[in-house]
Structures are given as C-alpha cells and as structure tokens.
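Following: one structure in structure tokens, then a few remarks.
Should a chain be cited, it is by its letter among A, B, C and D, assigned in written order, with residues numbered from 1 in that chain.
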Amino acid sequence: MQVNDNKEFQPLIVAFCCNWCSYAGADLSGTNRLNYPTNVKIIRVPCSCRVNPMFILRAFQRGADGVILCGCHPGDCHYTSGNYFTRRRMTLLFSMLDFLGIERDRTRVEWVSAAEGAKFAATMNEFTEAVKKLGPNRRLEDLRCRKQ
Amino acid sequence: MQKIGVFVCHCGTNIAATVDVKAVAEALSHEAGVVISQEYQYMCSEAGQNLVKDAIKEHGLTGVVICSCSPRMHENTFRKAAAAAGLNPYLVEIANIREQCSWIHKDIATATEKAIILGKAAIAKVHLNTPLVAGESPVAKRALVIGGGIAGIQTALDIAEAGFEVDIVEKEATIGGKMAQIDKTFPTLDCAACILTPKMVEASQNEKITIHSYSEVSAVKGFIGNFTATIKKKRRFVDETKCTGCGACTEVCPMQKVPNAFNLGLNNRGAVYIPFAQAVPKVATIDANYCLKLRKGDVNEKVCGKCAAACTVGAINYHQQDEYIEQKYGAIVVATGFNPIKLDKYDEFAYNQCPDVVTSLELERLMNAAGPNGGTLLRPSDKTHPHKIVFVQCVGSRCDDSKGKPYCSKICCMYTAKHAMLIREKYPDTEVYVFYIDVRTPGKNFDEFYRRAVEQYNVHYIKGMVGKVTPKADGTIDVQASDLLSNEQLHIDADMVVLATAIEPDKTARPLATMLTTQMDTNDFFTEAHAKLRPVESATAGIFLSGACQGPKDIPETVAQASAAASKAIGLLVKDSITCNPCVAHSNELMCNGCSACEKVCPYGAITYQDKEFRTPYRTTVMRRVASVNPAVCQGCGACTVACPSGAMDLNGFSNSQIMAEVDAICK
Amino acid sequence: MNTFTYYPGCTLRTKAKDLDTYARSSAEALGISLVEPENWQCCGGAYTTAKDEIATKLSAVRTLNSAKEAGQPLITVCSACHNVIKQTNYDISHDEDMAAKVNNYLKLDEAYTGETTVYHYLEMLRDVVGFDNLKKKVVNSFKGKKIAAYYGCLLLRPSKALAMDDPENPTIMEDFIKAIGGTPVIYAQRNECCGGYITMEDKAQATKRSAKVMNSAQEQGADMIITACPLCLYNLKKNSGSELPVYYFTELLAEALGVKEAGNE
Amino acid sequence: MNNNLKEQVLRSSGVNVLKCMRCGKCSGTCPSYDEMEYHPHQFVYMVEKGDIETLMESKSIYKCLTCFACVERCPRGVEPAKVVEAVRLATIRKQGNNHLIPDAIPEMLDEDLPQQAIVTAFRKYTK
C-alpha cells in the first residue's frame, strides 16, 4: 500500500474464494484473459463458510483496504449449505464493522460460479474502484504491524 | 528448522512473458526458511518434476512451494512427485501465478510484484503445513436402486451381473414402470412388453437382486461406501411369500369399481388386484381405500372377507402392518423416472370435459393388446372407431408461464410419429393430423422415421398450434387451430384428440433429493456432477443417476444411462475401501467445551460427542463432553471451525493459523 | 352485517336494471349491506392495457379510492366493470410507474396504491356468504333445471389480474347453480367471447360469435344460460338467433331466495 | 422498418415480442381470426420486424375483441392482445383518425343496446 502525493492510491484487496466455484471462476477469468487489477490477491479456502470473521478483521488490522468474500451461488454450495452460513455470518460481521466505523463498501460478499469468469473480473474491477474511492483504511489498521 | 524449496515455472511464455520469473525466484530466496529457489521452463514436465524430487532428496526439504498454474490443474502432479521423493504430499503448496497473475495483468512490474507476494503467502502457509495421511473407509458391497422402471431394472441387472447384491425399491405393486404401459417403441416399433417383461423376469430370478415392491425409501444416512437406508414396505394385506398370483381373490372381490391405475383409469378393477398379467412380483395387493372390509376401520367386523375365503394358500392378511427394513449400501442409484403433467390448466383442449380427448400415455393403453379395449382403438366415450384423429404437440412443454414446463419433453415428437404411423397402418381409413411447432428428431433413424410417417403413411403434419377444442352434440370434436404456413385458421371435425403431454420428474424425487443431499434443478430433475464429463453421477459421492430422473429421455437413452450408472456403481463397489480426503476437521479435546455449536452446522453429521476422562491437578480426574469428528464422514468444508466459540475446531490443510499466515504475508 | 361499497356502473342504471335490482334484493336477503358511493363515474367499459394510457384509468381509481376511504371492500356485478376495476387495481399495485403517474394526477389526500379488495358479486357469494349457506336459504329451488353458466371473457381473463377462478376450468358459476338447486351444464364455449362491443363495428361477427356460444350450450342440453354481463346478454339474445333463454344470474338468485317480487316493486 | 414506431409500440404495450416461439396458438385460439387480415401471431412478428405501418393501416386493429384468449393461452407469456391495442392506439391517436364518430351512434342504437357497448366502443375506437 502506497499513499503518495504524485501517485494514485493503490488499495490492497484480499479476496477469499471458495475452491469449488469462485476460485475456479477466478481461474476462468485468467483462462479468458479478462483483466482485473493487481491489487486483488486471492486466498483459497475450501468453502466460503471456512472464512472466520477473524480472518477479515486480521486483514484490516494488517493494512488491507478492502476484503471481498466469494462463494458458490446460494443453493449451489458444494457442501450443500455452507454459503448460507457465510451469508448469515457476514451480515452480522458487516453490521459490527458498521459500528466500528468501517465503511460498508470495504467489504463485500459475492456469489461467483465456476462458469462466471467474466463476472469475477467485473466484480473485482468494480470492487477495486469502490475501495479506491474510499481511500486507505485507517480505522482498523494496526500501525505497529505496518511494514516500514 | 524448516527447509523450503521454491520452484518458479515459466510455463513457456505463459508466465514468463508478463512475470519476471528470475526476479521472483531471487526475491523468494530471501524468505525465511527457503534453502533453494529455482526457476524452470516447464515445472510440470518430467524434468521439472525431477528438479523437485532431486531437491527434496539433496536438501532434505521439509516443504515445497511451486509458483505455477492453478492448483486445480497440477497440485496433484506435484504432490505425487513429492511423495515419490519421500516427502509427505501435503507439504506442497502452489502459488497460482498464471491464471491469477500473468494471464490477467499486462504490466510486468506490477505483475512481478504480485507474483512475489503470492509466493510469499504460499511460503508462509507451507511453514505451518503438517504431514497428513489420507484415511480409508470400507465399502459395503451392496447397491440400492430406487425405482423399478426400465432404468432401475437395467442398472440392477448390470450391477448383479458384476456379482454384487442389489435391492430395487419400487413404490408401485409391480416393477416395470412407464415402459410396461407403453404399446410399441420407436423407431423400430418393437412391442414394449416383449422386450421389457423378460428383463423383469430376469430381475426377479437373479439371486443377487432383491425386489421390494410397494415400498419406499424412508430414510438414508451415511456417506459413500457406507450408506444406511431404511426401506418401508407398505402393507399390501397379502403375504408375499404365500401368494401364488393365481388371481382367485381378484375374481371374487365384489368391489369392482376401482379406477384401474395401470390403465390410467380407462377401465375399472377390483379392490384386490394384480396390476397386469406379467407383473413382477406377481402378488395381489389390496387397495385399502376401496376394500369394503378395510374401509370400515375395524377389520374384525364381519364384513365381506371374500378374498380371504377364496385364497387357497391363506395369503390374505387384513392385519398386516407396514414393515421397516434397515440395510447398509455402498452405492445408491436413483431411478425415480417421470410422469405426464396434470392437464387441469389446459382445458382449452377440453381434456376434463370430453372423454375422447386423451393424453398420449392413455392412447398407449387404448392401443395396447392388454389394454381396456384389447388392442382395438375405440373412442372411450362410445366405443366406436375414430376416423379422424388430431394430435397436439407440446402441451405443457416449452412454456414460459406458471402452467407448464420450460423445457422440451424430448420424447413427444417421436412417439407422436409412432402413434400416427401405427394408426394409419392398422386403420387406413383413419385420417391423422399432427399439429406441431417444430418436429425435433435428433437421434439415430429418428428423422427417417418421422419422414416415413409423412411420406409413406400420409400423416398430415400441420405447422401451427391448436387453440380451442369444443366437443359437439353429434359426438365429434371441433378442433380450432392455426395453420401458420397457409396462414389460415382451421376447424377439424375430429373423433379423437391426443395431447402430447409434457413430462415431469416423479413427485417423490424432491423429498428423496433432500434425504440424499443431492442437488436438483428448478424443474426437480436431479443435477449431474458435471453436465458433460460426469453425466451419471450426482455431485454427492456415491449417488448415481439413472434414466429420466435426470432429464427427459427415451428408452435407448435411459438404458444407456442406466448401464453407465451401473458401471460407475460397480467401479465403487469393487473397491474394498476408498481413500478419504485428509483435509478434514479435527477438534482439540483440551479446548472443546462440548457446546454442540459445531454439530449443528455440520451438513454431514460427521460430529459426535463423547464423554471423556481428563486429568486435572491433584491427581483427580473429571469427565467432560467433547466433540469428535469422524474423518471418513467429514468432507472438509470448515463450517464447524467458524462456529466453534472456543477455537477447538480446526481444519487440516486450511488451519486458522495457515490462513492467517497467508493474510499476514499478503498484507505485509 | 357485512357492508360493501357497491359499484353498479352505467348499464345497471339503464338497460340492465334487472341485474341491479335483483342483486340488491338478494344481498339484503343474505344479510349483506351494499352502500353505493356518491358521485361514481363510469368505468369506461374496457380496460386499456397500454402502459402510456393514464387518463382512461382514473375513473376506476376514483371508485377504488372511495371504497378505500369508506374502509370497505368494493363489490361489482357487471363483468365489464369488474374487469376494468380489477385490472386497474392489479396494475396500480404492480406497476410503480403507473401508480406514480395516476397519483400525481389525482392528488388524493393519501396516494392510492391498490389497497382496496375487489369482489365480484359471485365471489362475494362464494367467499363471504358461502355456497353452503346460500343453499340453506334457497326457498324456490331450480331442481331439474339444466343451467349453462356463461363466463365470457371478462370475468376470467387475464387470470393474473382477475384471479377469480381457474381461467380454463372455472367452477364458481357452476357451484352457484348447484347452490340454487340447478344442474350445471359444462360446455366448451363458456369462457369464449360473445363478440362484445364488436356489435357496434361488425354485427355479423357478433352474430357469429354469440351463435357459437349458444349452440355449444344448447348442444350440451342446457335449458337456459346465465350471465353477469349486460353486453353478453344483449349479444346472446339479440345477435345469436338462438331461442335459448338468457338471464342474469342475479335474477335466478333472487328467485331462489324468494325475493324476486320485492326487487320488482 | 420504422424504429420509432416499433419502440413506441413496445413501450406502450409492455410486451417482449422476442419471447415468441412462433407456435401460432394465439391465432389458433383467436375468435376474430377470420375477420382479420393480419392475425395475432403476425402482429407479434411484424412488430418484431418493425413493420408497424402496415398493421396500423389494416382494418384488423378494429377486429380484436380484447377477449384476452391469446394472452391467457400463450405458452410463452407474450400477450398479443396488448400488441394489437398498442398498434391501434398508435393509429387512432393521430388527428382525424378516430374510427367511431359520435354522429354515427344514433343510427346504431336499438332499444336494448346496453350503454356498455357504446362506452367500450368509444374507448376502443376513439381518442
């Protein structure tokens, strides 16, 4: 993350993708050469329901500017019901982040299937733009963790 | 001390063109624990794999990171290479710098920077990887086939042929399904009964096959190789083991006004019945809704009882109760089939008003030698020969409204051509009209068959749709339709109208899918694991799909799929055990407080609780309730790890600390 | 006592007085109170389906709104009025754009967005009185009479908006006929158009259509036809060339309840 | 092909003509078929092609009974009657194009003709 007067702000974005749908969707956007910014770094998880809200808080603490969580479409979860848990947990987490003063646009849950490479790229472009507009995350970042 | 090897792949120019692979290898070589960092043209090639193997042996590596294509592509390749060199395969991590880096970015500087970060994240993760050993779980050598139509019969025969026990569960009193009701088959015009009934007999005589007719699956538990199903044998008030199928009871039954379901209500049968002459098992069943004795409520009352008196072997048992059987299975094949839709919402075709407006399946019975008219085609209303017959295609198929189905029912074009042809053949004085939107005949000898109906049998095919059917006083039926090619509205004075009714999955399919945790589409057809490459497997391991429960199909396609499903099931049953995914959840007993939060979110029922003794200070012990995960059942989704309030539950291969390490590495 | 806002419509005040008076006397006998709003306007006779037609929908909205203000469900008898008002009510509650335009124009104290429940008189008999209860109050039964119900097009379609009964296999009028002791006659043309307003444009077409309906009913052995629509009654009687008697369903209802004379006073 | 007219008809009718699968059931069920020069399925297809003027000039637009049989029975939910109505409106909204003039009414009256017929005809044929 660089905040530089003569350089455009480049947010750091962590994307958690479930192995069965969204990670495959991300692979598909690569296979189809659909561009999205380098700001997005993907972490593979077996299911979106594996993502502990703690991971998202940790990312913000360590200086991430946005966190996006992608899973299979509701009803299509490889594990039948995992993404329903995700949906509920993230609703709670996001309302807590609201309370902490973290802008709602810094976090997002998106359903991307293995066939939706174009949607994955479009989502990442859009999300990066949205986070760019918000500027750097200062509220939750632990400055002691910042790399000098 | 960790010794980690890093290998960066060029993938020809796929990666190297946008990512400076040398710079990546160089940057990663400075990471903590990295003892060797190399780049190579094609890591997945034999030479590339040898590079990894040699490094493992030479440097005694404790972890390997490959920066290459997606792990969905070659993770297994590199795991095998590591295992060959003596390293636990789960100590290998892949950094995806092709699909998720070089292919989507254009600027070399930023792409290289990102590739380095992804590499660092993989290194951070591999630091925390632990050796994992895939467990094994035994396979029960028995298959369950749900549905006893031609699909279920074929699947069962194939599995039995391979030497495995098979149980067929059929909800009706006989196996045979829809094919038993059909008169002839297209495009060869074989008699359906002549080719089906030998198969039914074969199934009943095969000592590996057990047929549970008049039965339902009421519960299924377990997982691939290890299912437990509960089968409910509904009471038929006849002892199957005693009944000889002589039919004496059906003759004496005084209640002969029961709509004959096998003939789709086109004639009547007795309250005690055998569905048809070739039924398997050939055993009588009493319909409790109509039986004079059973309808009374108290079977001890002296009412009727004629069937029991007529039975020479004492098979009638008015006191019979439902019976439940529990059985273990290694594989389950779903073959629940289809039904024509109800036509209540299509009364512009006067189906409910006029007995001479029939569905195609009803026409099969009307034309069948074993049907209500003994094979002579007569109008249901006045038992006269029809001289003008109108067929209406796509009734309820291809609809974008709440009344019908959005899909093409696939079989109607062909069976309508068959009906038209058979009628013209047998009754040359009959005029036959077919109203169609498109004639769809993709299949071997299918279009030729349809052309024969037109050219040789002079069936009048009219492009257009019937809009209104009005029965008239003289017994004829006014069919009002459009002829799109001559652009006129036609009125045909027909004697009979046949509706090519859309087909839908059987109503029992949805509750069954819930029981089996398999997926269904919005039309209640079972979803295959992969539309092209895994067409007979469901996404749930160990559950296979056979016949029209997966989508509309004709008989040859159904049989082909039935055999394919059988071969998949056999492939599973021949194994003594199956390898389990080692990336499963596990609970730290010392941290677990037994709250049951994890158990409630587990979709597989893999978590159980046990009381365990723990040592406490001062040489005392305490009993605590702790969670334990069955690694053979757990599929590794991780839902429980987040639900666990005490942090006792963690997931192998994707542990809390591993993911957190990745987050930290990315955010540095 | 159940109280409804009662919308008679233009024709019930002029050429179709029978439909109106028998409806009122029967309602009284059934313990239903019908209150006619002041200053009601003609519904326009036909619903304009076009999305860009707002003015033609206003009179129906005024009627709906007067029922809303009275806090009562709205009841109609004439099929055309029912069709127009029910379709308007459906569209205003499903099409936000139309609702906004209508309300901008009307400037009501409170915007109207489809709050009123609209009953056809037959639906009132089915859902409020109940055909079983109606049966108990019948004094002159139509036993032995074979009666053909004529729905026409207006009562049933488009079913999405009208939602009175199954559009292809309706039973409400047949159940009514059974309740007053008659035997319903099912015939295929019962839900086909009689020609309607085309009598103004092309008499021959109206004749063709209504004759088809009458023949279909006659062929199934009907002694009489009942309808809820003045225009259907006109076409079937005047244009069809058939001698089969046609009555308003309310006339049979009033007779069954023994209040026919009261209505004629 | 007149794109403005096509757009107007599509907007005014609210119908998506592309849903049509060309089965012809609308024309099969239409009670006014024989009186029409262009039939319900042709209305849908010609609007899709943008051939609106031909329809506007045809007497067919006055023959539709608005009985909604085609709307109810269309397997694709296309609603042809609404297309006919939109085309008719496009015609009668033009000045001097009223199809029914009040002066012609007295001649048509007979003692039983219900008011409903007159108001409906006005709504259908006149702006």
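What we mean here is this: a residue touches a chain if its C-beta (ideal position, glycine included) is under 8 Å from a C-beta of that chain, and two chains touch if they have at least 3 such contacts.
What you are looking at is a predicted structure, and each value in this text was computed from that prediction instead of being measured.
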item: Length of the shortest touching-chain route, chain A through to chain C; value: 2
item: Selected interface, B-C versus A-B, where C-beta contact pairs are more numerous; value: A-B
item: Mean-CA-position distance for chain D and chain A (Å); value: 53
item: Mean-CA-position distance for chain B and chain A (Å); value: 35
item: Separation of mean Cα positions, chain C and chain B [Å, integer]; value: 49
item: Inter-centroid spacing, chain D versus chain C (mean Cα positions, whole Å); value: 24
item: Multi-partner residues of chain C (each touching 2 or more other chains); value: 168, 192
item: Residues within chain B bordering two or more other chains; value: 348, 468
item: Contacts with two or more other chains, residues of chain D listed in rising order; value: 69
item: Interchain pairs in contact, sorted by label; value: A-B, B-C, B-D, C-D
item: Contacting residues of chain B [partner chain D, same complex]; value: 348, 394, 398-401, 403-404, 437, 463-468, 480-484, 487, 489
item: Touching residues on chain B, where the partner in the complex is chain C; value: 344-348, 350, 352-353, 468-473
item: Parts of chain C lying in touch with chain B, wherever the complex brings them together; value: 166, 168-169, 186-189, 192, 216, 218-220
item: Of chain A, residues touching chain B in the complex; value: 12, 14, 19, 23-24, 26-27, 29-31, 33-36, 38, 41-47, 49-55, 58-59, 62-64, 76, 78-82, 85, 89, 121, 145, 147
item: Parts of chain D lying in touch with chain B, wherever the complex brings them together; value: 19, 21-30, 33-34, 39, 41-42, 69, 73-77
